[in-house]
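Each of the next two complexes has chain A plus one other chain: chain B in the first, chain C in the second.
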Partner chain A sequence: MKLFSLIENEVIKMISKKRLMFVFAILVVLISVFAYGQNHTTERTKAQLTQRMGIAATDDWRKLADQQLIDMKNRLDNPYRDEKDKSSLRVRIEQLQYNLDNNINPLEQSAAKFTTRFMEQSIFLFLPLLVIMLAADMVSGESSSGTIKLLLVRNVPRWKILLSKYLTLMILEVIILFFAFVLSVLISGFFFGFGGWLAPVATGFKVIAGKLDTSTVLNVPQWHYTLMVYSLAYFVAIVIGSISFMISILVKSTAASIGIIMSTLVAGNFISYFLSDWKITRYMFMVNLRLTDYLSGSFQPIEGMTMLFSISVLLGWTIASILVSFLYFTNQDILV
Partner chain B sequence: MLKKSMWYSILAIACAGFILLASGFYKAIMVTTMDSPQSSSADPITQTPEDSTHSSKSPNTIQLLILGDSVAKGTGDEKSKGFSSYLPENFKNNTSKEILVQNAGIDGLESIGLLEQLQSQRLEKVIINSDVIFISIGGNDIRRILSLNTLEKDDEFNVRLHSYQSNLKLIFKELRRTNPNSIIVFLGLYNPYERATSLEDARLLNTWNYNTQQLIEEDRNTLFIPTHDLLKYNLARYIAQDGLHPNSAGYQALSNRISKSVESFLTGL
Partner chain C sequence: MQQTPVLELSNLRKTIKGKAIVKGVNLTLYPSQIFGFLGPNGAGKTTTIRMIVGLIKPTEGSVKICGYSVTKDFVKALSNVGCIIESPDMYKYLTGMENLLQFAAMNKTISRQRVKDVVEMVGLQHRVNDKVSTYSLGMRQRLGIAQAILARPKLLILDEPTNGLDPAGITEFRTLIRKLAYEEGMTVFVSSHLLLEIQQMCDIVSIIKQGSVIKTAQVQEILKHNDKIEWQLNAPDKAISLLREHWKIEAIQLKKNTISADIGQHPLDKLNEFFIREGLALTYCSAKQNTLEDLFLDLTEGDEIV
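So, the complex of A and B:
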C-alpha cells in the first residue's frame, strides 16, 4: 500500500473524528474574545493618555510624532552617543517616518499587528495544547479502541504506518497554523481594519552578556515579520507534535498521554522562575519554546540562551522523540 | 466525496504552507544570528567633543557648559534650539563677550549616568574652561516611581532620593575638583503631569526639590532655579506635545528666568 493513500486514510480519519472542527471552534471563540479585549484596551489607553496629558494627544498624534522625529534626528547628531544606540534610533526614525507618511496612528491596532501578537502569545502554551489535541491520541487512540490490529494485519510494514501517521500530524499542524492565521486576520480585521501589512517592524536584536545589543537592528515589513513568527510557531508545533506522538506510543492511554505532556508544558512555564540558576533547565524543551521573543528581543528565559541554542535543543528533542517512536513501535509486541 | 475534496484542499494548503513556513523559518534564523556590521571601531565619544579651536580659554569669551538629561539637551523644542540657543541669546544683553556653548545633555540620563560621564574624564578640558555650568538632572531618577502603587512608592522614593543625593554630592565634588570657580546653575524639577497628580505625589516632588536645593547650596557658587512654580499653571503653553518636556516657549521662559538670575554674575566676568 502506498504511503500517499495511507496518509489520505489518516487525514480522513482525523476529519471524521471532528478534531479539526474542535480546533477551529476553539480558535474562533478565543480569537474573538482576544480581539474584543484588545479593542477595549486600546480605547482605554487612549482615554488615559488624554486624561494625563490634558490634550487629545491621540488625535494630535502627528504633532507628537513630528516632535519625536525632530528629537531623534537631533539625538543622531549628538556626538556624546555611541554607535550602538544610533542604529536603534535609525530604526525608530524609519518607523515614525513610515507612520507619518502613511498616516497611521501608532496607537491604533491593525489586523497585521494582532495576528502577529496572537501567535507570539500562543507559541509557548496555547498552540502546543492545540497540537496535543491532535497528536496525543494518534497512536494511543488506536490502541485503546483496538483498531490498531486492523491497521497492523494489513500487508504494510509497521514503520510505514507510523510514518504515515507522523506525516499526517505534520500536515495537520500546518492546517492549525493556517486556521489561526486566517481566523485572526478575519476577526481582528473586523475590529481594527485589514491593513498594516507593510508597516516596518524592528527585529534583529541580540542579547550579549545580559545586555540588549541593538547594533544589528533593522526594519522588516510587517508581513515578513508575521511570516517569521508563524514559521517559528510551526517549528514549535512540530517539536511538541513529535514529543506527544512519542508519549502517545509509549503510554497507550490517551488520557494519560495528554496528562503527561500538558503537565510538562505547564510546568515549563514556571520552571525558569524556580530553577533559573540551575544550568540544566536550559536543555528542557519547555523553556525553549518562546522562539519569537528572540525576534522581538524582549525576553531571554535564562542567561546565555540564543536562537540557535534554542533551535538546536528543540531539534535534539524532536529527533530523539522520532527515533524512540519508531524503534519502540516497530519492536513492541502488540497484545490485543 | 466531501471528505475526498477536503483531503485534497488540506493537502494543497499543507504543501503550500510548508514551503512558505520553511522559507520564513530560514529567514528568522538569518535575522537573529547575523553578524553585526563592522561598526567603526573607534569610539566617537573620545574624538568629537573638543573642537580644539575653542578649548583654550580666552579672556574675551564666556564658556557655557550644559550637562544632564533631555531637558538640558533641549528635547521637546519644536525649533530644536533648547537652552543651548536661548541662554546665549539672553546672556548677550548683559555682556559684550562672545558666548561659547557646549551641550553634553543626553536623553534619559539619570544622576548615576551623569556621574559616570564626569568620572570618565571625557569632558575634563571643557569643564576646566567653563564659566557657567548648567545642570538639569533628576527627572529620570524620580519619574520611574510614578507608576508604583502608594505602598511601594514611599519606600522606593526614599531609596531613590538617597542614591540621587549621594550621586549629586559626587557630581559636585568631581566638578569642583576640575573647576572650583565657575558658577553652577541647577535646574529644579517641574511636574508635567499636574492634572493627574495626587497630593501625595506633589509632596514627594516638593521633598525632592527641597532636598536638592539644600544639598547643592552647600556649595557657595551655585544657584538653584525652581521651575515648578513657573510651569504649574502654564503646562498647556510650555509643555511640548510629548507631555513631558518643555516646548520652545517653555525653554524660552526658563532661559529668561535663568539669565535674570545670573545677570550680575555675567557682568562681573
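So, the complex of A and C:
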C-alpha cells in the first residue's frame, strides 16, 4: 500500500536528520542526572529522619514514616499556612497513613519505581519538549527547505501525504517513550537494582472537595501502575504532537513553532500556580497534562478537575488540531 | 487526427490579496512539443506553473493535463507530470540516490533500474551516493531533472532549468530535452529568462507580461517575419522619405548614416537597386535576423519590472 511507503519515507528522513539520536542523547543525560539525584535525596532523607529520631541507621521504614506523619501534622497545625497549602498537606497525610495501614513502604527505591516516577515528572514538560522537537519540524521543515513542493506535485493526494506524516509522528512518540522506559530501567537499575516490579502500589485516589477519598483505593502491582503511567504519557505525547503538528503547518517555520508551543507550555505552569481561581484556565491543554497525578492522588492545581475532565479537554484539543491541520494543509496555496 | 492536448489552460486567473497576478492565460500544448514561457521577473510565470501542478488553486479558469482537471482529478492529472518549481530543492541530508528513491517509492511504476537509468541520463552517476549538501547548484539541477523524469511523465515542467549549469552542461541539457521530447514524446514546458536558450530549444513560445500572455507563436514564424534591414547611406532623410513615398515602408534613423526598416514581403534586391537609381551612395546593407530578444524587449519595453 502506498501509505506504507510514504510512512517509510518519513521514517528514513527522520533517521537521516539524526533528530532521534539527539532525543536519545538528551534522555541519557537527563535520566543519569535524575537517577543520581534521586539516589542522593533518598540517602539524605533517610539520614535526616534517623538523626531526628535519634536512632542510628535504621531500616525500619515504619518508624520513619510515623515521624514523617507527625512532622506533617505539626505543619498542618501552623495557623499561618494558607488554606490551599493545608488541604494539599492533608491529602499527603492521608496517603501516608494509608501506606502505613497497608504496609507499603513509600521510601524504598527501585528501578520500577524510578521508571514510573521519571515519567510522572516528565509528563507535563520534558516529554512534551521531546515530542515538540520532532513534531514541530515535520511540516515546517519541508516548508522552509522548499521540499514540500516536491512532495505535493506527485500523484498522491495532499491528505495522504499529511496522514503519513501524522502517523509517522505517532510511531516516533512510541519510540521516544520506549527510549525513556528502557533508559530509565537500565540507568536507575544501576543505582537501585532492577527489581520492584511486583511491589504493590496504591492507586484510585480521588480528591473530592479538597479531601482525599480513599474509598476506591486499591493496590495494583508496580508493573501495572507503570503501564498505566506510560499509557497516559503516550496520550499526552499524542496531544502535544497534534498541537505542535498543527502549529508547524500554520507557522511554516520550525524555530517559530517550537517557540510558540514551548512558551505556551511554560505559561501553563504559571497559570496553574497563579491563576487557579480563574475557571476558564482549566480548559487550556497546558494545565491538564499532569494526568498521572490522578493515579497517585496528588493534589490538583485547579478545583473540580478529574481524570475524565482532563482527558476530555485534551481529546478536544487533539481533534481540533487534527481537523485544523488537515483542512488548512489540503487547501492552502504553497508559495514557498 | 484529433489528439488530446497534453496541457490545456483556459482563462487561468489568480488573484492574491486583491492583486491580480495572472490575468487570463490560455494555452494548449500537444505531445512532443517544446514550449518556452518567457517573461520578465514578476510577470506571473511561476504562479502560472504553480497552478498547473496544483500547488495553488486558480481563482478562475481551469487546468487540464491529458484531459484531467487538476482541481477535480488531481491524482490522475499529476500522474502525467514531472516538474521542477523555481529551484531544485532536495533533502540535503540525504544522498542523491536516497532522494530519488524517496520519490520512486511514491509511485509504484518506477523500478530500481529506471532510477539507475535516469541517473545516467542526467550524468550524475559518479556523485549520486554523496550527500546533496555537497552538490554544486549545477548538480542539484541535474538531480532535479532526474526526479522530474523518473516516472516518464507526458508533461515535463522546468522552471529556469539551466540556472547554475556550465556551458557544457547547458548543451548536454538541451540535447537531453530534445531527446525526451522527440524520442520519448514528452511535452516540455520550459520557463526561462534566457531568451537565447528558449530560441535554441523551443518550438513554441509565449511571452507573458504583467500576468497576461501578449504573444504566442511558433519560434520559427516569429523569427522569419521580423527581418529588419539596415542600410548605411549618405542621405538618410531622403532615403526615409523615398521609402515612404514609393514603397510605403516606415523606416527609422538609427545612427548618423544608418536607417533601419521592416521590409515585410518586399524583395531586398529591388530596394537596393532603387536606392542606387535615386542617386544615393549605399555603402553597407545588412539583413539583421530578429532574435527573440528583440521581440521580447519590443513587447515588454517601457514597463517597470515590478
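Note that the second predicted complex is superposed on the first by the 284 of 336 C-alpha atoms of A that agree within 3 Å, B and C clash if a C-alpha of one lies under 4 Å from a C-alpha of the other, contacts with A are read in each partner's own complex, and residues count from 1 in each chain.
Rule of thumb we're sticking to: contacts are C-beta pairs under 8 Å (C-beta built on N, C-alpha and C of every residue); 3 or more make two chains touch, one makes a residue touch a chain.
This structure is a prediction, so every number in the text was calculated from the model and none was measured.
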>> For A:S32, using the defined touch cut-off, is the partner it touches chain B, chain C, both, or neither? Pick first, second, both or neither.
In response: neither
> When both complexes are superposed, which of chain B and chain C contacts more residues belonging to chain A?
Replying inline: B
> After lining up the shared chain so the two structures overlap, which partner does A:M228 touch, if you call chain B first and chain C second: first, second, both or neither?
Replying inline: first
> Where does A:K149 make contact in the superposed view: on chain B (first), on chain C (second), on both, or on neither?
Replying inline: second
>> Tell me the contact category for A:Q121 with respect to chain B and chain C: first, second, both or neither.
In response: neither
>> After the superposition on A, what does A:T42 contact: first (chain B), second (chain C), both or neither?
In response: neither
> Counting only touches as set out at the top, which of chain B and chain C does A:D333 meet: first, second, both, neither?
Replying inline: second
>> Let me test your reading of the model: by the given contact rule, A:L308 touches which partner, first (chain B), second (chain C), both or neither?
In response: first
> Is A:I12 touching the first partner chain B, the second partner chain C, both, or neither of them?
Replying inline: both
>> With both complexes superposed on chain A, which partner does A:P157 reach: first (chain B), second (chain C), both or neither?
In response: second
> Same chain A residues contacting chain B and chain C, which ones?
Replying inline: 8, 12, 16
>> Could you list, by residue number, the parts of chain C that touch chain A in their complex?
In response: 16, 50, 53-57, 74-76, 78-79, 81, 83, 85-87, 89-94, 98, 102-103, 105-108, 147, 151
> In their complex, what parts of chain A are in touch with chain B?
Replying inline: 8, 11-12, 15-16, 51-55, 57, 60, 63-64, 66-68, 70-71, 74-75, 78-84, 170-172, 174-175, 177-178, 203-206, 213, 215-216, 218, 220, 224, 227-232, 234-235, 291, 294-295, 306-308, 311
> Which residues of chain A touch chain C in their complex?
Replying inline: 2, 5-6, 8-9, 12-13, 16-18, 145-147, 149-157, 331, 333-335
> For the complex, which residues does chain B have touching chain A?
Replying inline: 3-4, 6-7, 10-11, 13-14, 17-18, 20-25, 27-29, 31-37, 39-40, 43-45, 48-49, 70, 73-76, 78, 80, 104, 106-107, 117, 193, 195-196, 235-236, 240-243
